[in-house]
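Order as written gives the chain letters A, B and C; numbering starts at 1 within each chain.
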C-alpha cells in the first residue's frame, strides 16, 4: 500500500557503517576512567567510593529529570552523564561530604550542560563547572584533605563524609591523627610547596601515594589510561601534548630563573590536577577546538595559565580555571584558525 | 523645530528670533533647576552633617574601645617629624593613632591603624598596643573585601581574634627593632606568644594581617614609645 | 463617582510596576545594583528604598515641570534632578546608618544612572499628571524593592544561613559562600527569571485555553 517496498532505495553518504557512535565512544572513555577511580578508592578508602557513587548517581538523576522537564527523550544511554559524574568525583577531595558531591553533580549537569542544550552544546566541561561551583560555594570543605593509604580507610569512613545535608562537616583531625601518617598536615604537595616551601618526592607524586583529589594523585596511571584512549583514537593526542609541553617549558623557565623559589618542572608535571586535567578534562570533545592549529593554541593556553596560577596566583592549583578559560576561548580560536577553503583567496586587510 | 516650521508655513516666524528665545528658555530652565538642586543639597547637607559626624565618631569610638579593652575615653594624635601632636587636623591613614584612657583616666594604651594587600583588596585594620604590657591587646578590621566564609574570618573568627589578645610585641630600643618579629604560623602551630595562628584555608588573609601589624609596629613603636609619658599626662 | 473613576484608572498604573512590568523580573532593567548589592535582605531593602525615594521624588518633580522643560535639554534636566535626589538620599543614608552606607558602597551614587529612573522620567512622568507619575514611580520602586528582596532573601539564606540577620538554620549550617559572592547573584537572578518565565507561560496557556471556550 505504501511506498516502503520500492525497488530503488536512495541513500545519502556516508555509505559505510561502523559501530562507532556516541555511546560506544563514551563507553570506551568510561573504561579508561574506571582504573583511575579504582586506584582512588584503593588509596582513599570507602569514603572515596561513596563519593564517586554519589556524584555519578546525582549526575544521572539530574540528566533524567532535565530530559523529563524539557520533554525530550532520555539521554541516559549515551553515558555522557556517567562520565561527568565520574570525572567530577575524581577532582574532589576524598572526604568531601556526600551532599556537597550531590550538589556538584546537579550543578554539573543542569548548569554545565542542560542549560546550553545538552550533549554537544555545552561550552564548558560540565564536570569542571560543578567543581568550580563547589570550590566557590564550600571553600573550606573542598580544601580539606585526608592522607592517602590511611590504615583505617577500609574499616571506617572519613567523618566528614556523612554530614547532614546543609550542615557543617565534622572535623577530620581525629581521623587523620588516627591514621598516624607521619608528617601529614592536611595539605597537598602543591599547597605544601606554595605556602611552606616543602617539596615532595617526585617518585611518590608519579606513583600517586600523596594526598590530593581522588583521581589526581597518580600521574603514571592517568598517563597509561590516556595512552589507551589515544590508541583507541578517542582522544586528540595534541591536546595533552600541548598542555603538558607548555606547562613543562613555562615551569622550566621559572625554575631556571630562580630554583630557590620555584619548583622543578617534574614536580609541576606530576603534582596536582595537571595530568588529570590535561588528559581527561581538556580533551572534552565539545569544549575543545576542531582545527589542528586551534588545538595547539588551546592546549598551550591551558598549560601556561595553569603554571602562572600555580606560581603567581593565590590558589595552589589552577588547572580547573585554566581549562574553563580554554573552553571559553574555544569558539574564538576556532574562528581564527579556520583553514582557507581550497580556491579561496587570502583575506585582504582593508 | 525646523520641521514644524516647514510643515506649517503660516506660523513661520523669523528664525533668529525664534532660536534666541529657545536658547533663553533652555538656559533659564537648566539654571533654575541647577539652582534649585543646589539649594536642596546644601540644605540637606547642613541638616544631616551633625548626624553623620556623630555616626562616624561612634564608629571610630567603637573600634578604638574594642581594640583597647577597658577604654572609655580617647584622644586622637598624629605623628609629625618625630613628635606626636594631639587632635591632628588632617593625618593620612596610618599616620594617626588614638591614646585610650580607662574609667579612672589612667592611660591604657594606643590604637593604631595598619593596612596591607589581602587576598582580594587592601585590608585596613585597627589594633591596640599597650606599652605597659609590651603587647598587642586587640584587633578589629576596619575595611576588607576578603572572601565571605574564608578570608572574612579575620574579623569574625573568635579563635583567630584570640591571637591578638596578648600578642608579644616587646621592643628593643637599643637596636630599634622588635625583639621577636610578629610571624604567622600554619593553623594550629602557634607556640610562641609572638606568633599568629593562621586561619585554616585563609592563609593569605591571615598572613596579610600578621605582616601589616609587624610592619606597623616596626615603623610606629620607635616614634611612639618616647612619648608614652606625655600621653599618660595628657588625659582628655 | 469621580473618586472611583480616578482610582480605577490609577490602580493599573500602580500595579504595573509591581508585577506585570516588574523592572527586574520582566523588563530586566537596573541589573547592576540588583546583582551587586542583593547579598542580604537588609542591603536589598535599603537599596530598594533608596531607589524608591529617588524614583518618586524625581518623577514628581519631572511631572511638575513637564510643561516648562524644553525638549532639547530634557535629558540633561532629568539627570540634574535625579542626581540631586541621589545626593540627598546619600546624605540621609549616612545619617541613618554608616554601616548600611558602607555595605552599599558606590551603588548609592550609581542610582543616578539606574535606567529605571531615567526611563520612567522619560516614558511616563514627563507625559502624565503628578498624581499618576508618583503612583507609577511608587509601583516601579516597590517592584524593584520586591525583586531585590527576592534575591537578597535567597542569597542571605543560603550564603549566610540567616534572614534579616536572624539565624535560621542554627550553628551547624554550612554557608554556601558563592551565594554572597557576585556569581551567586547571577545564579539566583537566573533562577528567579526561570520562575517568572514559567509563571508567564502558564498564565498564557490558561488564557489561550479560555479563549476558544468564550468564542464557543
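Before moving on, here are some points about what is shown:
Just so we're on the same page, a contact is a pair of C-beta atoms (placed from the backbone, for glycine too) under 8 Å apart; a residue touches a chain by one contact, two chains touch by 3 or more.
Note that the structure is predicted; figures quoted are calculated from it, not measured.
Chain contacts in this assembly form a complete graph, since each chain touches every other chain. The interface holding more C-beta pairs in contact, when A-C is weighed against B-C, is B-C. Centroid to centroid, with C-alpha atoms defining each point, chain A and chain B lie 44 Å apart. Centre-to-centre separation of chain A and chain C, using mean CA positions: 41 Å. Chain centres here are Cα means. That of chain B falls 32 Å from that of chain C. Multi-chain contact residues of chain A, defined as those touching 2 or more other chains: 139. Chain contacts: chain B has residues 147, 149-150 touching two or more partner chains. The set of chain C residues touching two or more other chains comprises 177, 181.
Note for the complex: chain A touches chain B at residues 139-140, 143, 185-186, 195-196, 314. For chain B in complex with chain A, the touching residues are 119, 147, 149-150, 186, 200-201, 203-204. Across the complex, chain B meets chain C through its residues 22, 25-26, 29-30, 33-34, 36-37, 40-41, 44-45, 48, 51-52, 55-56, 59, 147-150.
In the complex of the two chains, the chain C residues touching chain B come out as 65, 68-70, 72-73, 76-77, 80-81, 83-84, 87-88, 91-92, 94-99, 159-160, 175, 177, 180-181.
Put simply, chain A touches chain C in their complex at residues 111, 133, 136-139, 141, 163-164, 166-169.
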